[in-house]
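In the two complexes that follow, chain A is the common piece, with chain B as its partner first and chain C second.
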Partner chain A sequence: MMKRDECFRALARQLRAEIVLPVYSSAFDWLEIAPRALNYFAFGAMGLGSSHALGLALGRPDRRVIVLDGDGSLLMNLGSLVTIGAVAPKNFVHFLCRNGSYEANGGHPIPRKEVDFSGLAQAAGYAHCVDFDTLAKFESALPQLLKQDGPIFATLHIEKGALSPEFNYRSLEDPKRRQDFRAALRG
Partner chain B sequence: MNWSDTFLDVLKKNDVRLISYVPDNVLTPLIKGVTADNYFISVNATREDEAMGIVAGAWMGGMKGAVMMQTSGFAVAPNALASLLVPFQIPAILVISERGTLGEFNIGQVAVAKIMRPILDTLSVEHHTLTDEAKLGFIVDSSIKQAVTTQSPVAFILSPLLTGGNPVAHAKLSA
Partner chain C sequence: MDAAIATKADAAVLTGAKIIAAIKQSGVKFVLAVPDIVTSKGLLFPIADDKELKLVRVCKEDECVGIAAGLSYGDKRALILIQYTGFLDSLNAIRAVAVEYKQPIVMMVGLLGHEPERQPAESGRYGVRIIEPICDAMGIPHHFLSQDADIAKIKPAIDKAYSESSPVAMLIGRRPS
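== the complex of A and B ==
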C-alpha cells in the first residue's frame, strides 16, 4: 500500500506540459503538491472526471492528458472505460487511486473492495493496464509508462486518507483557475 | 437537403466538431452523417451525462461540441446539466430527439416528455423545438452563436413534425 501524496510527488517530478485532471480528494492533494496552470479540476457532477479527460484528449491531441481518478468516482461512470477503450486516444493516461472508499463522502466502503479495476480497463480495450502497490515500483516504472501510447490505465493501491479533512473548495473552484488553464493551453 | 444534412451543415459552419451521442432510432441520419464525415470527431457514449462530461472537457480544451440523445436519455442528465454545464458556463449544444408525443406507445417516454421542458426552464437553459426544416437553419445557427457568446448550454428538441418520429412507435400503435 502507498500513500496518495507520495505517489503524486513522484508523478509531479516527471511532468512537463501534460494536462493533469485530479478528481475529488485527489484534487486537494494535487493542488498542494503541484500548483500549475495546466491543472484542470474536474468540477461538477461526480464521476465524470474520465469523461472530461477524454474530451480534453480529443480537443488537444498535442498534449498528454492525465486523469487522477478515484475508485468511487469511476464506479459512477464505469461505462466511460468502454467509451475510452473504443476511442483509444494515444495521449490518455488514467491513474486510479484505489482506497476502497468514498473518502470525500464519509469514508463509506465501495460496494466491492476486491474489484479488479485494471482488469476492467483491460477488458474495455485500454492499451496498457498495470497495478502498483509499492512506491519504489511506481517511481521506477513511471518514466517509461508516461512515454507509452495510450490509453494507459494504472491502479494505485493507496491507504485511506483522513476523514473529513479541511478541503478548501473556494480556492479549488476559483474561476481564475479555469481562466488560467485555458490561457495556458492557448499560450 | 433533408433536415439532418441542414442541421449538420450548421454545426460545421459554427465549428462544432465533437459530437458525443447515445444512439437512438430517430437520430440515425445525424449519427450516420457525423460518422461518415471526417470533419467531425464522434464519440459513442454509454450515458448522456458521460457525453456531457466529454463535451465539457473538449470545450475547456478549445473545441466546441454537441451531445445527441433521446427524450428519455435526457432524464438521465439533469445532474450534469445543473452541476456542470450551467454553473461552469459550458456552451454545450444539446440535441434531443423527441419521443413521448404525437403517437407514442411507451408510457415512460410520455412521462419524460412532459417534464423535459420544465427541467430546462427551471435551469434557465434556452431551448427550441424544431418542427420545420425551412426555419431550422436560422434557429440553430443563431442559437449556437448565442450559446457560445453568452457561455450557456442550448437545447434543440427535434419534434416528430421535423423528423417523422420513431417508425417503430408508429408500427406498434397501428398494430
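== the complex of A and C ==
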C-alpha cells in the first residue's frame, strides 16, 4: 500500500506541460502538492472526471492529459472506460487512486472493494493497464508511463486519508481557476 | 384539432440533411451521442458517415456533458445528441457543469413519443411535457424544432452558447427525414 501524497509528489516531479485533472479527495492533495495553472477542477457531478479528461484530450491532442481519479468516482461512470477505450486517445493517462472508500463522502466503503479496475480498463480497450502497490515501483515506472502512447490506466493502491481533512470546495470552484486554466492553455 | 390545421401539420417536414448543414455552419466539429430512435435515421446515421464531423459514441448521456466541457477548453465546438430520457438522466451533470460552471453545453434532444403537431408542453406524454419547464427552472434556453423553418434557429443558438459560455437545448419534435 502507498500513500496518495507520496504518489502525487513523485508524479509532480515528472511533470512539464501536462494537463492534470484531479477529482475530489485527490484534488485537495494535488493542489497542496502541485498548485499549477494547468490543473483542471470540476466538481458537483461525481464520476465525470474521466469524461472531462477525454474532452480535454480530444480538444488538445498536443498535450498529455492526466486524470487523478478515485475508485468511488469511477464506479459512478464506469461506462467512460469503454468510451475512452473506443476513442483511444494517445495522450490520455488515467491514474486511479484506489482506497476502497468514498473518502470525500464520509469514508464509507465502495460496494465491492475487490473490483479489478485495471482489468476492467483492459477489457474496455485501454492500451496499457497496470497496478502499483509500492512507491518504488511506481516511481521507477512513471517516466515510461508518461511517455508511451495511451490510453494508459494505472491503479494506485493507496491507504485512506487525505492531506486536508477539510474539503473547501468553494476554493476549488472559484471561476478564476477556470479562467487561469484557459489562459494557461492558450499561452 | 380542425382538419385544416391537421393537414398543415402532417405536411410539415424536418430534414436531417438541413439540420446537419446548420450544425456544420455553426462550427461544430464533434458530435457526442447515445442513439435515440427519434434522430437515429435522419441524424445519427448520416453524422456517423460524415467525414467533417467526429462522432464520439458514449455509453451514458452524462458523459457527453463532461466531454463537451473539456473540448471547449481546446476551442472545439461539440453537439450533444440524445433522447429526452437521457437528458433527464443527466440533469445533475447539466446542473453542475453547464449551469453552475457556465460551460457551453449544446444539446439536441429527441422528444420520443411527442406528437409533432403539438407544442412540447401540450404533449400527451408526461416525460416530454416536463422538459421545457425543467429547462426554464434551470435557466437553460430552449428551442423547439419540428419543421424545416425551425432549422434557422440552430446556428444562432449554438453561436450564443459559445459566445456566452452557457447551455442551450434544442428539442426535436419529429423524426428528421
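The rule is short, and it goes like this: the second predicted complex is superposed on the first by the 184 of 187 C-alpha atoms of A that agree within 3 Å, B and C clash if a C-alpha of one lies under 4 Å from a C-alpha of the other, contacts with A are read in each partner's own complex, and residues count from 1 in each chain.
Just so we're on the same page, a residue touches a chain if its C-beta (ideal position, glycine included) is under 8 Å from a C-beta of that chain, and two chains touch if they have at least 3 such contacts.
These figures come from a predicted structure and were not determined experimentally.
Asker: After the overlay on chain A, what do you see for chain B versus chain C, clash or fit?
Answerer: clash
Asker: Given the touch rule stated above, what does A:A12 touch, chain B (first), chain C (second), both, or neither?
Answerer: neither
Asker: Give one of first, second, both or neither to describe whether A:M1 is in contact with chain B, with chain C, with both, or with none.
Answerer: After superposition on chain A, A:M1 lies in contact with neither partner.
Asker: Determine, under the contact definition given at the top, whether A:A183 touches first (chain B), second (chain C), both, or neither.
Answerer: Neither partner.
Asker: So, does A:L54 touch the first partner chain B, the second partner chain C, both, or neither?
Answerer: In the superposition, A:L54 touches chain B and chain C alike.
Asker: Identify the residues of chain A that lie in both the chain B contact region and the chain C contact region.
Answerer: Chain A residues touching both partners: 40, 43-45, 48-60, 77, 79-80, 82-83, 86-87, 178, 181-182, 185.
Asker: Enumerate the contact residues on chain A facing chain B in the complex.
Answerer: Residues 19, 21, 40, 43-45, 48-60, 77, 79-80, 82-83, 86-87, 178, 181-182, 185-186 of chain A touch chain B in their complex.
Asker: Would you tell me which residues of chain B are touching chain A in their complex?
Answerer: 18, 20, 41, 43-47, 49-63, 65, 79-80, 83-85, 87-88
Asker: Mind pulling up the chain C residues that touch chain A in the complex?
Answerer: Listed in rising order, the residues are 30, 54, 56-60, 62-76, 78, 92-93, 95-97, 100-102.
Asker: So in the complex, which bits of chain A are touching chain C?
Answerer: Those in contact with chain C are residues 40, 42-45, 48-60, 77, 79-80, 82-83, 86-87, 173, 175, 178, 181-182, 185.
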